[in-house]
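The first chain written gets the first letter, and so on, giving A, B, C and D; residue counts start at 1 in each chain.
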Amino acid sequence: MSPLLQVRNVTKKYGGLTANNDISFDVAENEILSVIGPNGAGKSTLFKMISSFTPTTTGEVIYRGERISNLRPHIVARKGVVRTFQETTIFKSMTVRESVVVAQHLRARASLAGYFWGSKTAKNDVTAFGKYADELLEFLGMSDISKEQASNLPQGSLRALGIAIGLATDPKVLLLDEPFAGMNHDETMNMVNLVRSVRDERGVTVMLVEHDMPAVMSISDRIVVLNFGEKIAEGTPSEIQNNEKVIEAYLGSVDDEIGM
Amino acid sequence: MQRRSFVKTAMAAVAVTAIGATAAVAENPVLKIGFVGVTSGPAAAWGISNQRSMETRAAWINETGGYTIGDTTYDIEIVSFDDQKDPKRAIAGMEKMAQEGIHYVVGPNVDDGAAAVRPVAESNGIMYFPYAFPKSLYEAPASNAVLGMVANYQSGPAIYKYLMAEEGVKTVAFVAANESDPLSQRDGGVEAAKALGLEVVSDNVTYQVDTTDFTPVLTPVMRARPDLLVLSGVSPANAPQLIRSARELGYEGVISTETAQDAGVLAEGAGDLANGFISVGGASTPELASPAMNEFVQRYTDMFGEYNDESNTKVYALEYILETLKADPAAITDVDAFQATMDTFEAPNPFMNGDAKLRYVGMTSFGQKRQVAVPLVVNVYQNGTFETLFVAEVD
Amino acid sequence: MFGFSSKQLIGVGLFLFAIFIGVPLVIGATGRWDFYFTLTSVALLAIASAGVWLTFYIGRINIGQGAFALIGAYVSAILVVKAGWSFWISLPAAGLFAAVVAVLIGLPILRLRGVYFAMITLVLTQVVTLTALALPVTNGAKGISNIPLPSGISVFGIPILPDFAAMENTKLAFYYTACIIMILTYAALYRLVNSRLGHLCRSMQQNEELASSIGVNIAYIRIVIFAISSFFGGLGGAMFGSIAQSVYPSSFQVADSVNFMLNCFLGGLGYVFGPMLGTLVLYFGWDLLFEFGKYQMLIYSTILIVIIRFLPNGLLSIRFGKGGDK
Amino acid sequence: MEQILANGVYLGSQYAMIALGLTLIFALMNVLNFAHGQMYVIGGFVTYTFYGQWGVPFVLALVMSCVTLAILGALIEKFLFAPVIKGSAREESTMLLAAGIAFFLDAVILLVFGEKQRGVPKIVDGVFNWDFRIIMPYDRILICLLAILSIVAFIGLMQYTKTGRALRALAQDRTAAQLMGVNVDRYSMIGFALGAMLAGLVGGLLVTITGVNLGMGGPTSIKAFMMVMIGGAGVISGAIWGGIILGFMEAIGLALLYQYGDITYLLIFVSLMIFLAIRPQGLMGKPWG
């Protein structure tokens, strides 16, 4: 079986600076794959290219045999590859439920004009959106905060909201942007469980970008390691843990941080 | 100085109100005359000189016992509306005048406002006296607008002819602001100049009204080396700067305009460089000004702290309205009677020495008498004051 | 009915009653006939302001509505005077033309946000004014004057719309026309904001990246909204040209663009009916202060400053503390 | 050619000064100050009153312009902008406040200083004429030099003084500045006062050449917005470049395009629109401001 998502020889250059150099790897259906690397390794850039938020300089990203790089983000989302953001990127003045309802845009069957005139399909849609939002929030354990305004939520709930918004689009592949950043151990474990259940119960392939090593080790099926824009390793968590290049890269980066 | 004049103005305003109040006690009925024009924002100077002329004259009349029309003596009240140079507001202003029962209005000050108020004025029976030149305002079927001054297409040719004869002017260049009124006036001027056989060497240079440096604007014009530089429809704010820039660029020919200017503004803004600048004015030069004109200027200065020479041309509209009403008292409420009277009306001109007459003209330009016969006084600026170059009549 | 609560229905009913019956009654009783034009202006400016409000709704500060109002005024005037169209057909045509222009201009400029979009639309107003001055079809500096009043329309001999030129007094007719168009505009706006398109706009207002990540074609919606916004601008402008029976390059200029924007701020950006109230207060307020003569501007601006100082979120924020998107 | 360059330098230096104050206020508070032009006009009228009317030495009159505007700016910030910014849901609401202040200042200018165009006696007489290749009156050269000097002084202030550093920190990141111990409220006020003062200074300088009238406010604000946009909003060097570029655009545009008459400005504005559409962040700005 061919992989669900393929990153093929992707390179990104900003002027003279190379953010990603010739990166290739595959994501299989129903797997949890993490991309890790020290700060400035090019994780975010890679992420943006997969979701078409930024074009590649060379190389391409293939999803189910179709190129999805160098398109516009909403088209990629329509194909089923949806990204989330870090917690500051939310619909600030909407409630949790409103956010999740709006995010079901791709599930709409009526046209925008249909909604304007109040067609029957549109009315059905509206009912369906509400129902699905409640179901989704229940699944994510967020029913109790569904009426809260997003800007009032604590950090942990914001992450969950981000995932809820992503899930509301019915994605096939969900790209998570540093879901564990800044969390303590318990919060991280909750999030790990949540991400697992997203994959296990809803059949969503998950790819995440992260630099929290322990969490990544416990959650991932496979890991891709970047350093200075290059892929330096790929494999299962245990393979990665024993990879010399990876250890060196991480130690090096610690030195750098001390050096600052 | 300015603060003092502000206080003075405020006190004068209070005094006027007080006079108005006592006058009301004196049991004279009130005759309201309207003004719709721009008295705030960038073009405030145009409307304010209008409004103050009218208020000065009204206060003067009221102080001396009122104005007798037919058997009744009226106090004159000026009702002013600031249209902010916005045609939409101008319509609202004209509606307000109709609401106040006013049938005679001075203004608006610009082309678009004058055109926009026409439907309201005609449907409400209001005669209005715009300071705008488009002929369509005064030609039939338009009926209620009376041009309140001399149009540029009338004064221009007179000035050009004079300069051709006296100064040997052969070539002319036009500069105008990039706005409706000045551009229309430029086009009229170019046409007139060509008809007189002048060679137009430059007529397409324009400037934005907010220009702060006219050197780059005038440089290409100067290259054409015209004998005469016409500043079409120039605002009093821009005139001194344009003159200064032209002279500093070494221009030695004649500079003229067909709009009214203020000597004080020219003196402050351009100093001696403005000497020889030709503009159109009213009858305030010593040779022409009658005692009434001098008294008007004095009263204006007392009331508002400072005279504005633009008012020389703007003193007339109110006088015409009142004199015409005097000639036919029925016209106070009946605009048709006013229009009928216009054809034959004639009265002495109180502001000018000699036997000049107030009468309506415009047959040549508009095919009907829809213009006040303001003496076409062409002035030249010399060392802080205007001197009369020549006087002509419009028909 | 139509998903409105009975309270809302009563409110709408009262509003309609007030403007169609109340206002004429009050004017008849007090004899303030001049208020008809003022209120007609308010209605027309409120239509254009509704468009500006809509662009605010996708998070764009629009200081270009004067441009579209001017375009609308010219299109209608040219169609009526030069092509002999009926005004009533030229009116939607003016709106549509403005919308088409908005699409063409919107494609490159709607990518911009914040002050950058604000500035480019401000420059757009200047560009359209200068274009009107330069083009032969607009009659350049001389403008288009003597535009005939709207003629009547009848279908199979049954008069649908009256002939304005045959009327004794067109004030009332223009007032009703303007009010009807305004109500249609705001009804459409209300529907739009409360339908899916409105929700998508709101999501874009708050975060365009997130909106596009959930599959919203933000570029398309921006264009659609900008076109609708400009359609309203074109309508308002065309009606004004018809009332003034003349159009000049200066009929709508930068000051008007700024005022449209201020109307929205004053009423409140969070409320559909904010621009209507804002226009009423800003425009009618100026008229009411007419009595103060030369202190009119001083008092007007002082009141404005005091309002914004104490109600920074607009006039409507005084009643509905939150959740006022109704 | 030399003449065009000279005109460009002269226009550019005065434009840059106008833009500086506006961009400073924008950088600090994210306020697009619609009243900037009116502040410039007030600066002009103050100098006119002191120098032109009362015969106070020109430099002293300039100082009075600066002081008046600095105080005015500080008061406006403290009692109007600061509370409105705190209380509003969307920060663009300050645009309404700025516009209200612009109307208010216009009304005050009309009542206090009158509606007429005002000018002052020339500060230096004579015209520099280099063989008709460059013609430039001496007073313009002097004003141009003074403007450049003020710009240099301003940059020096921003670079090398404690106040300047605090202001720069504030402009870069308000929250971070607060964490670093910068008194945000106080420096916002100082910054606003400084921006207003710059407007007053350039108003006072230019009154000697262009004179002043109450109508100059609005158009000046709009022109200043354009310069700020060309250079990049909220960037000091951007404002200077924006001013210089607009100055040269006008000088060159008028010299090259004058034969197209009425559409010269249309072309300038259209090219500005195209430029902004292609490069919205201006020359130096951060994208999306």
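We adopt the following convention: a contact is a pair of C-beta atoms (placed from the backbone, for glycine too) under 8 Å apart; a residue touches a chain by one contact, two chains touch by 3 or more.
Computed from a predicted structure; not experimentally measured.
For the pairs B-C and B-D, the larger set of C-beta contacts lies at B-D.
Comparing the CA-atom centres of all chains against that of subunit B, the greatest distance is found for A. Centre-to-centre, using mean CA coordinates, subunit B is 35 Å away from subunit D. Between subunit A and subunit B the centroid-to-centroid distance comes to 72 Å (mean Cα coordinates, whole Å).
Subunit A and subunit C have CA centres that are 42 Å apart. Multi-chain contact residues of subunit D (touching two or more other chains): 89, 106-107, 110-111, 218, 222, 262, 265.
Touching two or more other chains at once are residues 93 of subunit A. Listed for subunit C are residues 130, 133, 140, 255, 294, 297, each touching two or more other chains.
Taken together, the chains touch in the following pairs: A-C, B-C, B-D, C-D.
Put simply, subunit A touches subunit C in their complex at residues 51, 53, 72-74, 77-78, 82-85, 89-94, 98, 101-103, 105-106, 108, 110, 112, 115-116, 118, 122, 125, 165-166, 168-169.
Across the complex, subunit D is touched by residues 1-3, 5-6, 39-45, 48, 178, 183, 203-206, 208-210, 212-213, 215-217, 219-220, 236-237, 240-241, 248-250, 262, 264-265, 268-271, 305-306, 308 of subunit B. Put simply, subunit C touches subunit D in their complex at residues 61, 108-109, 111-116, 118-120, 122-124, 126-127, 130-131, 133-134, 140, 254-255, 258, 261-262, 265-266, 269-270, 294-295, 297-298, 300-302, 304-305, 308-309, 312-314. Residues 32-34, 36-38, 41, 130, 133, 140-143, 145-146, 149, 169-170, 240, 243-246, 248-251, 255-256, 286-287, 290, 293-294, 296-297 of subunit C are the ones touching subunit B in the complex. Of all residues in subunit C, only 2-3, 191-192, 195-197, 199-200, 202-203, 206-207, 209-210, 212-219, 224 touch subunit A in the complex they form.
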